[in-house]
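Can you keep this structure in mind? I'll have questions shortly.
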Amino acid sequence: MSRIDFDIAHLLAGLLVLISFLELYQDRLYALLNVFALHALVLAASVAWQAFIQDAPHLYVTAAIALLFKAIVIPVALHRIIVRLGIHREIEKVVGVGPAMLAGIGLVALSMVVMLRVTPGADPLTREDLAFALSVVLLGLLMMVTRRNAVGQVVGFMSLENGLVLAATGAKGMPLVVEISVAFSILIAFIVIGIFLFRIRERFDTVDVQALDRFRGER
Amino acid sequence: MVLIRDFAVQGAQMLLVLLLAPLFTGFVRKMKARLLRRQGPSLLQPYRDLLRLSRKEVVLADSASWLFRVIPYLVFAATWVAASLVPTFRTGLLFSWSADLIAIIALLGSGRFYLALAGLDVGTSFGGIGSSREVMIASLAEPAMIMIVFTLALIAGSTQLSTVAEFMASPQVGVRVSLGLALIGLIMVAIAENGRIPIDNPATHLELTMVHEAMVLEYSGRHLALIELSASLKLILYVSLIACLFAPWGIEAAGATVPTLAIGAATYIGKLAAGGFLLALFETSIAKMRVFRVPEFLGVALMLGLLATLLRFVSASF
Amino acid sequence: MILTVALACSAVLLALAAFAVTIARAPLATRLVYGGCALVAAVSLGAALVDLLAGAPPLSVTLPVGLPWLGAHFRLDPLSAFFLLVVDLGALSASVFALGYGVHEDAPERVLPFYPAFLAAMMLVVLADDAFTFLTSWEFMSLTSWALVMAHHRVADNLRAGYVYLVMASFGTLALLLGFGLLAGPDGLYTFAQMRAAHPTATLAALALILTLIGAGSKAGIVPLHVWLPLAHPAAPSHVSALMSGVMTKVAVYGFVRIVFDLAGGPAWWWSIVVLGFAGATTVMGVLYALMQHDLKRLLAYHTVENIGIIFIGLGLAIAFAAYGMRFAAALAFTAALLHVFNHSLFKSLLFFGAGAVLTATGERDMEHLGGLIHRMPQTAFVFLVGCAAISALPPLNGFVSEWLTFQAILLSPQLPSWGLKLLVPAVGALLALSAALAAACFVKAYGVTFLGRPRTSAAVAASETDRFSLAAMIFVALLCLIVGILPGAFIDALAPASLAMIGERMPVQIGSQWASIVPIAASRSSYDGLLVFLFMVISGGLAASAIHRLASDRLRRAPAWDCGYPDLSPATQYTAMSFAQPIRRVFGTVVFRARESGEMPPPGATRPARFKVELSDPIWDWLYAPLVVGIGFAADRLNRLQFLTIRQFLALVFGALVVLLVVLAAWS
């Protein structure tokens, strides 16, 4: 693998981290869905590039699944859900953009330090890609923690899974069956979440999770 | 002989930038107009504007001081010196070692310092609005720019702009993550520093929506001509900077001959045209942000610069 | 020989102080005392300069004063010579300034005796070579400056300032005392030569570092121990404020450098993390506090805190590089810090002199009551502008050079192997860049609101130009700022002996490089030429001016300012300091200071004015000092009960203490 292959793989992984930051910055729901679609697109490109340089054709299937489901089907479905539920289209955040960005930088630094210290003997390309993948996972978790809106939390969960896929492809490919099972479990989780959102909306007229806390009698 | 030729090239660069600056501003305005399906003013209109302004009488406020009259010259001097140090068609300029990227940023910062003082000099609230917003924008844009300079310096091993430009043109540079982050950050900072949409609207003169125009509200005549020329110089400086760092093809190294210099000049004009078109496209497709969203925008640029520097510190392959 | 000259100067100053007690009320006393101080400072300055430039080996002398078995040791090595130079330059310019400013003092007997003593104490601290002399001179310095802070004791703010200063100074000296005690060891090796020869264990050296950071750092102004600085520095007379901010903080930096680089053995790498962490916080917090101020002298005092942060960033980087054996890089960082020490003493003195001139001319320190002074005090306004440009690190002045060198040192840091440093140094670099930009913003505010615009009160209207002594001092310092900015190579070479003494390495020789440029590492890497930048700016400005003069119209007409159709606007409609800082207060202040703005509009028909209120809270005071004060008060109340015991209970206490001591004696093996 030549220098340019390394660099393009790094570039795509870094672009994924950048788009995760962009997701943290968004405060409008439709824009968030568009950025999430972009996230999945870049993931598909990254997986396809890994398939090219590792000469592993089954990764092309993974890339196609990511492209089809995550970049097209899921954003469109979420868009429909938002329209049908009439969800309030601004995302309330628990912390402001500035502190969230700072926390994001701290998490990226943390994942760099952890990955590069824990794996001193491994192949440098894999280590650095794993560091980026861990960053994407942590940023997805940060998104879930700092959003008040359930749809925002779903998007955070999806981008977390994107990070896991990036990690798995970077580590010289995973068997296709594992990938398919992971994808199916995500799909099931998504369907369940969608059903729950409908039920919550029917009962309480809102999907703001803080409002749900009120109904639990805790406040 | 070599010294005289190098001197001539440096002088040619300084004059080129000065003469092209109003043309570039006119080009961007023309492109914006055409994208909005208007005819737009002619490409040479900024030259006519400058000539007209310099022939007009200066109307000075009663409370303006000597500093108010000197500041346009200070701002122009600082901006012109900075602009002439950025390689356009040739690196290795004779005096390029006298000021590196950090010094260029500081020169532009001093131009901004004096302009903000000019806004406060007359003692009305319009100047105050412009100056206070300008320093708020600068307090985030300048650190972002310095972090981007750090990233570039850590990749190229030097803060000297000629050395960085030559490194970027060489095959060793590769496609790096931190360079990508630095490019996006630099574009965001360039938009903020030049007061383009979405930070500030260069076309209106409404004090509530503007930053730069509010600071120079009281200037007229030849002073205003100098300040407008400085603003055009700053814009062409930033476009040249982005071109020589991230699109360095065609820049000739030191010791080039006349034909290659001509090729370098031609590619530079082409890069300016491309940059102007992209700027016009960007400005017509996005709306101006509310003033207190600008810190969030620039905060993202600062974070990108910090992240890029952090990545370079962590590993040399980023 | 040079050391004897320096010590003789201190002795003359002490004698002058004693003399000033007797003649303080006489009409010529002010001129006599300040003139004498200026003369002595000039002699001492000459001696220090000769010693630094000649690169002579260190000189020592022992005087038979002080403790009988110890004596008083004094030593002049290159580091001491450099700091003596800084002290003397500040003393000279402050004394010349005071020749004009001191005449307006209404209680000269409270200022004149303590001023020469203050100068003498600072010189003695820098020359001291054993712990006892050092600490005595340090305490003497604190006491004399405290007396000067309390000179105008009828003002209530000054009382509080003096009280906080006394408490913090005592606390700092206690920390330094413990630190020296640890370094001296159980055998009581108090001289610095003995401390250098002893090699303390790593834990001992680490404790000494922490105590030095607390002791010297609180005197220098490291956050969170800086709280006394913005209270005490503005309270003193302006020439003393200049000395306290510009020189006394540098003496504290000297103490830190002497202990950490010289006496505690070689520094450990993790010390740099502690120093850099505090330094980064100091830089940003200092400038953010300064942006919220509208008192001119308090703003300048907070900027001192910020610049001390910048100096300690350089020192922290020097510690990191030295610990890993990268001595060239350590020399670069160390030289950057020392150059900033020199530069800051210059432009901070200039700015405080300007503030003093404004105070004398208008009687106001609050920027919200000033304005339009550029028309009434044109020369003061010009030199103050030079000071503002220098502190905002604008080329071609001196502030830019030291900041540029610090940035170059930061760019060498990726070679450091420690992970903590790899993550901390970029963050510190970002904080440094942020504080530089915020400092420029703050000085646009300070200069613009005070000198530009229209006068806001009658006091500002009645201002007149300062006297020629004050102006001479300010012009002298402003010229020095320009010279250091244009010819930095000469000053960097002059600092080289100090860097050699502490780090063991120096920066490459700068004199003789092309066109007086400075090349900190290698010509291919980076270089800066202040002279050429200055010449270029002058030539471009001149070309523009002559072209305009030749080709453009030169007519000019005065007219009222644009008023949007509302004629005769009152000066109250122009921007004030608080309104200028409002955008930055919104961006940074809501997080750091919990800034809340509230406006109260009266209902229609009511005739009272609308009110706009800004609430700021000081996080360090609320979270660190207020609980501490409450805790100490609580403990003191509890312990107070010991005063009201019966005789039997007192006897029981004495008996109990005796029994405990006997048990300890029995159990000690």
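Letters A, B and C mark the chains as written, and numbering starts fresh at 1 in each.
Simple rule for what comes next: a residue touches a chain if its C-beta (ideal position, glycine included) is under 8 Å from a C-beta of that chain, and two chains touch if they have at least 3 such contacts.
Not measured: the values here are computed from a predicted model.
> Relative to the centroid of every protein C-alpha atom displayed, which chain's own C-alpha centroid is closest?
Most central by this criterion: C.
> Top contact pair of chains, counted by C-beta pairs?
That would be the chain pair B-C.
> As a test of understanding: of all chains, whose mean C-alpha position lies farthest from that of chain C?
A
> Quick one: report the Å distance separating chain B from chain C, using the average Cα coordinate of each chain.
35
> Averaging over Cα atoms per chain, report the distance between chain A and chain C in Å.
Centre separation, chain A to chain C: 49 Å.
> Tell me, which residues of chain A touch at least two other chains?
Answer for chain A, listing residues that touch two or more other chains: 98, 109, 113.
> In chain C, what residues contact two or more other chains?
423
> Which chain B residues touch at least two other chains?
As it turns out, chain B has residues touching two or more other chains at 295, 306, 310, 314.
> For chain B, which residues are in contact with chain C within the complex?
The contact residues of chain B facing chain C are 54-67, 73-74, 76-78, 80-81, 95, 97-100, 102-103, 106-107, 109-110, 112-113, 116-117, 119-129, 131-133, 135-136, 138-143, 146-147, 150, 153-154, 157-160, 163, 217-218, 221-222, 225-226, 291-292, 295, 302, 305-306, 309-310, 312-314, 316.
> In their complex, what parts of chain C are in touch with chain A?
Counting only chain C, the residues touching chain A are 419, 423, 591.
> Mind pulling up the chain B residues that touch chain A in the complex?
Touch residues, chain B against chain A: 174-178, 180-181, 184, 295-296, 299-300, 303-304, 306-307, 310-311, 314-315, 317-318.
> In the complex of these two chains, what residues of chain A are touching chain B?
Within the complex, chain A contacts chain B at residues 3-4, 6-8, 10-11, 13-15, 18, 21, 25, 97-98, 101-102, 104-105, 108-109, 112-113, 116, 124, 128.
> Help me check something: in the complex, which residues belonging to chain A touch chain C?
Its residues touching chain C are 98-99, 109, 113, 117.
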